[in-house]
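What follows is one structure encoded as C-alpha cells, with my remarks underneath.
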Amino acid sequence: MIANAVITQAVALAEKRAQKRGSGVYAGRATVLIERGLYAAKSSNWLVILSGFVEPVLYLMAFGFGIGQLIGDMQDGNGNPVSYAAYIAPALLATSAMNGAIYDATWNVFFKMHFGKIYQVMLSSSLGPLDVALGEIAWALLRGLTYSLGFMAIVVPLGLVTNWWGILAIPAATLIAFAFASLGMAVTSYMKNFQQMNWINFFLLPMFLFSGTFFPVSVYPEWIQMIVKALPLWQGVDLVRSLMLGVLDIGVLWHVLYFVVLIVGGLWFTTTRLRALFMR
Amino acid sequence: MDNREVVIRARGLKKTYKDFAAVDGVDFDVYRGEAFGLLGPNGAGKSTTMKMISSVSQRTDGELTILGKEPNTQGPEIRAHLGVVPQKDLLDRELKVWENLFTYGRYFGLSRKWLKTKVDELLEFAQLTEKRNSKADDLSGGMQRRLAIARGLVNEPEILLLDEPTTGLDPQARHILWDRLFRLKEQGVTLVITTHYMDEAEQLCDRLIVMDKGKIMAEGSPASLIKEYSSKEVVEVRFGTDKNESAAKQLEGLGDRIEVLPDRILLYTEKGEELLAKIVDSGLNPITSLVRRSSLEDVFLRLTGRTLVD
Amino acid sequence: MDTQKAIRFGALRVAEYRFYSMSKWMTAVIAFGLGNPILYLVSVGLGIGALVDANTGGGGVLGVPYLQFVAPALLATAAIQGVMDEVTFPTMDGFVWDKLFFAINATSVSSRQIADGVMITALGRGLFTTLMYLGVLLGFGAIPLSSALPLLFSSMLAAWGWSAVMLAVTARLENDEGYFAIIGRFVVAPMFLFSGTFYPLEQMPIFLQPLGWISPLWHATQLGRFLAYGMPIETWLVVVHFAYLALMGVIGMRFVYPKFAERLSR
C-alpha cells in the first residue's frame, strides 16, 4: 500500500502550503479541532454541558426576581427606570459567555495539555501551533456562544430585552467568549499544577461579583472603579448592557477594541507557548 | 549497499538543553526500507534524537535532513511524510477507537471520504475491527499500542518512528506487534525504532546504533556488532556470592575475556562447551553453569557499562 | 507501640494523615474557605445591601439592615461549603483517583475509622474557616458578639448534616465523570440561591418554597436568624430546624459506614 512512496494527499497538502508565509506555525486547518471537539462532546456527559447553562439562569431567578423585590427599580444610562431583573440580565449574559468559554479554555485545556498530551500528538502531524491555538479557542468560544444563545432564549420571552439593539448582544457575546477563551488558554498554558489552576477560579468569582453585575460600579471610590473597568468582564457587561437597554454611544467601540486586543494577544501568547512546550 | 537512497542523514547532530548536551554530535544515515534501531540506556539521547527526526524539536547544531528536507524550516512538509508512535501512546481518551484514527487523519487535512476506507483498513491491520466503537481508554495495553501504530500510519508515511514500541507489553502482545512491524517493513516503510530490549533490536533491526551519554558508541547490524564487541558464545558460571572473586583468579586466561559480576562470572569464548569442560576439569565446581550464544545484550552492556542509569 | 491503642484510635490516625496532606494546601484552604464568603459579604451584603436599604428607606428586611439579614446565611454557607469540599474530594481520591483508602485499609485501620477520620478532618477544617469568618462578620458589625457561639454551633451542625449525606453519595460513585460540576451547579448553587439566603423564602412563589424546606441551608439560616437577632420563630419550628439537621447527619452516616465497608472489602 505504501511501497512506492507515492505522494500522498497529506504530503501534497503540506507542500502546497509550504510556499506561503507562516507555514511553519499555521497549516490553515484550525477547523479540524472543532471537528475533534464535536466527536469528543458526542460521548461526553451532557448534563455537565447543560449545567453551565443553568447557572446564570438560577442567578437571574434568585437575584433578579428574589432580591429584585427588595430593591425595586434601577436606572438605565439615561435615567429611565428599569426593573432589577432587566438590569442584571445583560450582565448574566456576558457572564454566560465568559463561563462557557473559560471552562473549555482553562480546565479542559489543562487536562489535554498535561494528562492527555493531545497537543503533542496534534503537533506531530502536519498541524502547526497556531492551528491548535485557534482551533481550541474557537471551540471554547462556541460553547460560550451556545450558553449565551440559551440565555437569550430565556430573557427575551421574559421581556427583559426592550429594544432591537438587543440583537447585537449576540455578536457581542461572541466577542466576549472569544476574548475569554483566548485569554484563558494563554494563561492556562503557563500553569503547571492544580493549585495554580485553582487560582483562576479564585479570580473569576470576584470579577463576577464586582464588575457592575449586580450593582453599578459608581458605588466604589474612583480608584477601585478604574481597576474594575480595566477587567474584561466589566467591559463585557457594559457592552451588553448598553445594547440590551438601548443606551448607546460611540463608547461601545472602545469595548470592541478592548476585546480585539485581548483576542490577538491571547492567540499570540498561546501559539508561542505551545511552541515552547512541545516543539523545543 | 550504499547506493540505496538515504532518507535520514545526520552529521554532527547536537541538542543542548541549557548546558546539558542531550545529543552530542552524532553521525548516521538511515536508508529507505530498512529498520533502523537506536539503542541505549535511559538518558542516552535516543528520545531527543527521535524528537529532532520527527521535526518538532529544533537542533542546536549540526546537520539533519529528512527526505532531503530541512526540519527547522520545512517541519510541516516533513511531518506529512512521517508516522510517529510515541512512547506512551498518547491516545485521545475522549474519543472512540475509530475516531482516534479519523481525527488524526483530519489533522493532516485528509478528506473524510478517503479516511472512511483508510480507517477500516487500518483497524483491520491493527486487529481492532471489533473494538472500533470502544473508547480508547478501555483497550488493553497491547491494543492501545496497536492503535497508536495504526494512527501513525494514517497518512501513509514513508518513515515510521517508534519510541519504545513494546515497553510494558506482555509476551503475546509483543509478538503480535513485531509481526505487524515486519509487515510494514515488507511494504517498504522505513522504520526507526528506539528500544532498550536487546531481543527486540535483534528481531527487528537491520542496522542499529548504540548510544550512550549523547554519543554513538557503535554502529552496525546486530550480527556484526556481536562479532565485533563480543564472542560467539558466553559461559556463565556461579560459585556463590562470596566465592566468585577467588574462583575468577583461577579462571584467568581461559576464554577471550572474563567478566566478574557480583553474582556470576561470564567468560566470552568461541567454543563454550569446551571451555566449560576445562573449568570442570580444573577441579572447580560451579553451583550452576550455562553456555549460551552471545547476544546484543552482551554488546550493549560492554559498550554502555553495567552501572545503573536512572 | 501499644497495638490495641493504635487500633482503637484508627480514626484519629486517618485524620492526622488528612490534616497533614491538607497542610500543604493551607493557603488555598484559607483563600477559598474564607475568600469566597468574604467576597459575597462585600458584594451582596454591602453592595446590594446599599440598594436594598435605600429602597426600603432604612426599614431593612424583616426589621434589620440587609447586611445583618444575610450574615447568618453566609456563615452557614461558608461552613457547609468548607466541610463538604473536605469530604467529597478526598473520598473521590480515596476510592477512585489514587485509591488511597484501600492502602489505609490494608493496615489495622477499619473502614468505619476511615469514614470517621475523613469526617473529623472535614469538620476540623470547617471549624477553622468558620471561626475566621465569624471574626470577619463581627468586624463588619454584621452580628452581635453574644450570638457568635450559638451561630457557630448551628452552622457546624448544618455542615455536618449535609456533609454526611454528601459523603454517603460520594462513596457510592464509581467514577468522577462530571460529578463535581453537576453537584456544584444542580445541587449546591440552587441550595445557595433558593434557601432564603438573600431574601425571605416567603417571597418566592409557593411552588418553589419546598426547595427551601428541604435545604439544610434554609434550616441553618432560620436558626441563625433566630439566634443572631431574635427573628421571631415559633418554638416548635426551632426544634424542627435542629432536628432536621441532626437527622440528616445521623441518617447520612448510617449509609456511609456500610458503603465504606462494602467498597473496601471488594
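Every chain is named by a letter (A, B and C) in the order it is written, and numbering of its residues begins at 1.
In this section, a residue touches a chain if its C-beta (ideal position, glycine included) is under 8 Å from a C-beta of that chain, and two chains touch if they have at least 3 such contacts.
The structure displayed is predicted, hence computed values, not measured ones.
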Chain-level touch network, classified as line, ring, star, complete or other: line
Innermost chain, taking as reference the mean of every protein Cα atom displayed: A
Mean-CA-position distance for subunit B and subunit A (Å): 45
Computed distance of Cα centres, subunit C from subunit A, in Å: 32
Where subunit B and subunit C are represented by their mean Cα positions, the distance between them in whole Å: 56
Junction residues of subunit A - those touching two or more other chains: 44
Touching residues on subunit C, where the partner in the complex is subunit A: 25, 28, 31-32, 35-36, 39-40, 42-44, 47-48, 50-52, 55-56, 61, 66, 177-178, 181-182, 184-186, 189-190, 193-194, 198-199, 203-204
Interface residues, subunit A side, partner subunit B - complex: 1-6, 8-11, 13-15, 17-18, 23-24, 27, 29, 32, 35-36, 39-40, 43-44, 116-118, 120-128, 278-280
Subunit B - residues contacting subunit A, complex: 17, 32, 54, 56-58, 73-77, 79-82, 84, 86, 88, 90, 92-96, 99, 102-104, 106-111, 114, 121, 135, 155-158, 187-189
Residues of subunit A defined as touching subunit C within the complex: 44-45, 47-48, 51-52, 54-55, 58-59, 61-63, 66-67, 69-72, 74, 195, 198, 202, 205-206, 209-210, 214-215, 219
